[in-house]
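Have a look at this one before I ask anything.
Labels for the chains are A, B and C, by order of writing; each one numbers its residues from 1.
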Amino acid sequence: MNHRKPELVCPAGGLPALKAAVDNGADAIYIGFRDDTNARNFPGLNFGPEETARGMEYAHRAGKKVLLAINTYPQAHNWAVWTSAVDRAAELGIDAVIMADPGLLRYAATHYPDLRLHLSVQASATTYKALEFYHQRFGIQRAVLPRVLSLQQLWHTIANSPVEIEVFGYGSLCVMVEGRCALSSYITGRSPNASGVCSPAESVRWEETALGRESRLNGVLIDRHGLNEAAGYPTLCKGRYYTDAQAYYAIEEPTSLNILDVLPDLFHHGIAAIKVEGRQRSPAYVASVARVLREAIDTCAADPARYLVRNQWTAVLDRLSEGQTHTLGAYHRPWH
Amino acid sequence: MKISLGPIHYYWSKENIEQFYRRAEHWPVDIVYLGETVCAKRRALRSADWLDIAARLTDAGKEVVLSTLALLEANSDLLQLERICANAHYLVEANDMSAVHLLAGRGPFVIGPHINCYNAETLSLLADLGARRWVPPVELSATTIAMVQNTRPETMETEAFAYGYLPLSFSARCFTARADNVGKDACELRCINDPEGRALFTQEHERLFTINGIQLQSGIPCNLLNETVAMSEMGIDIVRISPQLAATEFVIRAFHAALNGDGGSPVEYDSPACNGYWYGKPGMQFSPVQGD
Amino acid sequence: MLGFPQKHMTKTFMEHGRTLTRPFIAATTIFMDPVFTAIFMGLANRVLARYQADFLQMEGRRIVVEVSDLGKSLRLVIRRGKIAPTRAGPVDLRIAGNAKDLCRLALRLEDPDTLFFARRLVLEGETSVGLQLKNILDSVDLDWLAPVGYLPAPLGPRIRQAIDHAIRNTHADRRLHDLLDRALQP
């Protein structure tokens, strides 16, 4: 069993966030190009060619890696945009590309056999058999698992996986199995798989009304928040709906994933990397989260048996969280 | 064009399932997909019961395909998948890449709607592994499907999700149990009480989604009955009807009539339906037939 | 275009106002002064010049920033790829918060999503414009080396390297950030 210290993988939506991640203890930073080839295709976000080169220089000089997400699904009319993103990544010498589309993985494996490939969470691989597929066909070296497995299921998957396993450690929580959710396109026409966005900003409207803050997505009322009620992103899965009488969080509350409680177990079972969600967040967020997780991982590595979650870590992370609260998500059986 | 009956998305009792397929023996459908695709805990029928149904449908002249689970989590899910993929009699519909891995190189198989096959390159890769039919992801537009059709491998058939509540997402969490405020481990298979799912409404009383255990479906059914001419022109080979406890026969007969020349004029719907995805719009929207 | 009320204030924001400290009032008052606003706009447009493509996408949008606890507001318009002050009228995007939070946001000491979740930041109207502005603000890279970036060889690269080393060794970036952060805590 592998007891090596897991890598801390942090998000960056721009150069200042990348620098914040490097300066605050990330081992690797994942980024995306400024187009729909990645799952955070938001206006004004992400890296152009010049920023990518500068970011890589900054990270490499500090001995850190830069990973590039090309993790959406190209279609016939835009296939060339995705292959050219892979070409650029290879030319730039990116440390690894995070991908999901089987056709595109084949393209990368065929044209750039030396390019390190990670399987994106968007590929929706939840079993070691699925991981075997991507490993045998395309030579992937690491996979990010969807946030659906319980801890026991996760340990079983790691033990049988042909590749390194990376899991989400902190950030906004997808309650659906990633890569197979069309809720957003059902309402707005754009989805993570096809357009790299969930509940896109151009479809969001907030209105402060007498009844509270109303969140609407393409006109559909997602939720209504009372004056001092903590809120979350206006994503469909975090709205309040009803089946009988009372509106409730029918799918998921606004909350964030936080795995600090089970860090020693993750070490013990040989997790290769812990990922922070949030390329859409600010440099201030990246700095705070990286600092906390760096300290937690180092504390755990020093003496896993005596590791305890510090109140201050939880306080910092909860403040940054959706709904100002956290959960262990699917790792914790009662959550299901 | 052929008509297929997709797998049952909901949890029905053994009697309901058996009666449904008894009737299906006489319906004008060419292909029937059998098996549980949503929740591994639903076991009203044993494998032997499914195989009995499969045998009877085969005798009635139907092509039987065994569908697999979309979201696999436990090792027991994998073991069950291995048994289905190893069967020697029936074609298998893969709904997850674990299934594709187990079926690759073993002979023909079907790519279900839960496999992310968004482009011709992925389709050709899957064809190389033995896929001979694909059901595009429900969010793909007619234009996108048509572009893939232009370069699809020669032996590949295309099957479009033509009628039913759209399977939009899956989760580790059970939304039916959550609606009743119980844990998934204590669910007691309560979804059997919702044979057509449970409606989820916004606070403004708009029917948004349908809860079906760990799956969320569209709030209103997708209906492409008025698109059969366009589908035929695009070279779509099969239209899929997704089973409902009631009215499935009516829907099948309507499609059968449309495909056999009685569908010249668009059908007026008396209940809400959607076809937005087909036109590259939000899935929940409805557009009348283009060119009218 | 949306016609928002001219002065929209909720009780919550008035309550926040009581905890307000002097530096924020001073900063905000200066900022709201027409002369300083003009100077600031000039500076901002120079820094933001490389984001002109983004600004052209937002052409014509009218934005109001309301400092809720001071009852003041700043009206902006995006015209020819630049930000300019404008007069009262209908707006496409309304941003509201208290002076402290808005100052901390502008200096990138605070995560906007966090303020939004905590209901301390209001965003109404064309959300995508707000998101794009936020993302641009977050991506402005304060490059300490830019002014010496074009010095000719052989000395240029060496000077650049020396400054770079000095900044890295002293963690000047982080120290400045922490200093500002402490100074602007309530």
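Rule of thumb we're sticking to: a contact is a pair of C-beta atoms (placed from the backbone, for glycine too) under 8 Å apart; a residue touches a chain by one contact, two chains touch by 3 or more.
Heads up on the chains, UniProt names are A = Peptidase U32 family protein; B = U32 family peptidase.
Just so it is clear, the model here is predicted, and its values are computed rather than measured.
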Viewed as a graph of touching chains, is the assembly arranged as a line, ring, star, complete set, or other? line
Based on mean C-alpha positions, I'd like to know which chain lies farthest from chain C. B
Suppose every chain is reduced to the average of its Cα atoms; which one is closest to the average of all protein Cα atoms? A
Comparison of A-C and A-B by number of C-beta pairs in contact, larger one: A-B
Just the number, please: Cα centre separation of chain B (U32 family peptidase) and chain C in whole Å. 50
Measure off the straight-line distance from the CA centroid of chain A (Peptidase U32 family protein) to the CA centroid of chain B (U32 family peptidase), and report it in whole Å. 29
Chain A (Peptidase U32 family protein) contacts chain C in the complex at 13-17, 19, 23, 42-45, 51, 54, 200-202, 204-208, 213, 225, 227-233, 254, 280-285, 287-288, 319-324
Listed in rising order, chain B (U32 family peptidase) residues that touch chain A (Peptidase U32 family protein) in their complex are 70-75, 77-78, 81, 96-98, 100-102, 104, 114, 116-126, 137-140, 144, 147-148, 150-151, 166, 168-175, 178-179, 183-185, 198-204, 206, 208-209, 211, 216, 218, 276-277, 280-284
Which positions of chain C touch chain A (Peptidase U32 family protein) when the two form their complex? 8, 10-12, 51, 54, 57, 108-114, 116-119, 122-128, 130-136, 138-142, 171, 173-174, 177
Going by the contact rule set out above, which residues of chain A (Peptidase U32 family protein) touch chain B (U32 family peptidase) in the complex? 73-77, 79, 100-104, 106-107, 123-127, 129-130, 132-134, 136-137, 147-150, 153, 156, 175-177, 179-183, 185-189, 191, 193-194, 218, 220-224, 239-243, 247, 250-252, 330, 333-336
